[in-house]
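There are two complexes below, and they share chain A, which is joined by chain B in the first and by chain C in the second.
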Partner chain A sequence: MKISIQINASPYQHQAADTAWHFIQAALEAGHEVYRVFFYHDGIFNACRDSRPPGDERDIVKRWSALQSEKGVDLVVCVSSAQRRGLLEKSVAKKVGGYIHAVADGFRIAGLGLLMESVIESDRHLTFGA
Partner chain B sequence: MLYIVNKKGEVLKDCVERLTSHDVILLIEDAVLAAVKTSPSSVISTLASDISVYALRSDMKARGLDAQRCYERIQYVDYAGFVELVENNKPVRSCF
Partner chain C sequence: MNLIGTLPLVLDVKTLFFIINKGLQGNVCGQEFLDIILMAAAFDQKVVVLFEGDGVNALLKNQQPECLNLKNMMPVLDTLPVYDINDVIVEKESMEVYGLTENELAIKAAVVSRSDIKKQLRSADHLFGF
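Up next, the complex of A and B:
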């Protein structure tokens, strides 16, 4: 089964990012394909490179980056949601004079077309929100 | 249809109003609080008998709830069971 995931909520404040991550681990374990994780609205804060939780806590951002580097899961951040919240893609940041390292490793910035593609291409689309 | 619900109260009530025969509900996150028999806002007891109700075990545990305090009709799943519910039901709708 091909599954796509959408996360609409900020990490640490809501459980959505944790629930989604545990679900993805179980889905991969069961042999399913996770086609894409799409970060929308406040969910874009999951891609915040400079997130620095205390050392004895789970590191949600790093956990996503590892999911991409180790399992090859496509992590897509909504460009409009991100720009509104000050999380700029490198090329945009350079152009407007913003911080160029805002987005953590493993994430890419794209538009809602990729969300639609996820819904169309997957057998199931699950949304986790606040 | 599988409804994945993450809050009790209005969110769960809205979901319950939409249910049709043989639908499935999975309670996750704060929605597991609705599984408790003493919960005044729980609508679980009003559901038709052909509706299957599941609760995510880890979210129950995180909130100090055990099955003895909950409605007998509730079935419990871990994340692997969550994945199986998603696999066995189409479409899937998230209510939050």
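Up next, the complex of A and C:
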């Protein structure tokens, strides 16, 4: 089955990102395709490169980056949600004099069109943190 | 939205239900949720917008969120027909909870009972909430 995921809540304060990550692991293990993970609302904070949790805690951001590099899952952060909350894509940050390394490895910044495309293309669309 | 160029030319049409069950002010999620609704319509999907619970208050006439420096969502709701979104429904029971009548609503919406909404929801390919 082709599955797309939407994450609406920030990491650590909500369990949404954890639940979604575990769900994705289980789905991939069962042979399903995860078409895309789309980060919306405060979910964009899952892509904060400089998140530095204490060493004995799970590193949610790194975990996402690994999902992309190891399993090739497409991680997309909503551009307008991200800009509103101060997470700028490199070229935008350069233009406005913002922080250019804000977005962690493996994430790409794009518009809502990519959310809608994955909704249409997938058999199931699951939202975490609604 | 330069990425739209990479999408297939003919997309499936799905029935997407968007459930607004809280006010549109107070946090930015309501505003961002409306963006998804408009994007779905821009992708020529069949869009149904349902107001229920606290969400029915979003439809009240004469709101002045500007005095709290909040964005007025009414111009966006007014444009729904422009996007060919004509399936706007309000749950009858929720309106009764708040003592609202149809002529207090700022936009054209069908007042539908909970049991009929349940039947309609079965036709949805995807449900969205925020």
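Everything that follows uses one rule, which is that the second predicted complex is superposed on the first by the 129 of 130 C-alpha atoms of A that agree within 3 Å, B and C clash if a C-alpha of one lies under 4 Å from a C-alpha of the other, contacts with A are read in each partner's own complex, and residues count from 1 in each chain.
Note that in this section a residue touches a chain if its C-beta (ideal position, glycine included) is under 8 Å from a C-beta of that chain, and two chains touch if they have at least 3 such contacts.
Just so we're clear, the structure is a prediction, and the values are computed from it rather than from any experiment.
K.L.:
With everything superposed onto chain A, say whether chain B and chain C fit together or clash.
P.N.:
Chain B and chain C fit side by side in the superposed model.
K.L.:
Considering only the touch criterion stated at the top, classify A:36 as touching first (chain B), second (chain C), both, or neither.
P.N.:
In the superposition, A:36 touches no partner, neither chain B nor chain C.
K.L.:
Looking at A:3 after the superposition, I want to know if it touches chain B, chain C, both of them or none. Which is it: first, second, both, neither?
P.N.:
first
K.L.:
What is the contact status of A:27 with respect to chain B (first) and chain C (second): first, second, both, or neither?
P.N.:
first
K.L.:
Calculate the angle at chain A, using C-alpha centres, between the directions toward chain B and chain C; round to the nearest 10 degrees.
P.N.:
Once the two structures are overlaid, it is 60 degrees.
K.L.:
Quick one: classify A:114 as touching chain B (first), chain C (second), both or neither.
P.N.:
It touches chain C, and chain B stays clear.
K.L.:
For A:15, select first, second, both or neither according to whether it touches chain B, chain C, the two together, or no partner.
P.N.:
first
K.L.:
For A:81, is the partner it touches chain B (first), chain C (second), both, or none of the two (neither)?
P.N.:
A:81 sits against chain C, while chain B stays out of touch.
K.L.:
Could you look at A:125 and tell me whether it touches chain B, chain C, both or neither (first, second, both, neither)?
P.N.:
both
K.L.:
Least CA distance chain B-chain C after superposition, rounded to whole Å?
P.N.:
So the smallest C-alpha to C-alpha spacing between these two chains is 5 Å.
K.L.:
Under the contact rule defined above, give the chain A residues that sit at the interface with chain B and also at the interface with chain C.
P.N.:
Touching chain B and chain C on chain A: residues 8, 125, 127, 130.
K.L.:
Looking at the complex, which residues from chain A come into contact with chain B?
P.N.:
Residues 1, 3, 8, 15-16, 19, 22-23, 25-27, 29-30, 32, 123-130 of chain A touch chain B in their complex.
K.L.:
Okay, in this complex, where on chain A does chain C touch?
P.N.:
Touch list, chain A to chain C: 8, 40-41, 80-81, 84, 110-117, 119-120, 125, 127, 130.
K.L.:
Which bits of chain B are touching chain A when the two form their complex?
P.N.:
4, 6, 28-30, 58-59, 78-80, 82-84, 86-87, 90-92, 94, 96
K.L.:
In the complex, go through chain C and note every residue touching chain A.
P.N.:
Residues 1, 3-4, 7, 11-12, 14, 16, 28-29, 32, 35-36, 39-40, 42-43, 45, 126, 128-130 of chain C touch chain A in their complex.
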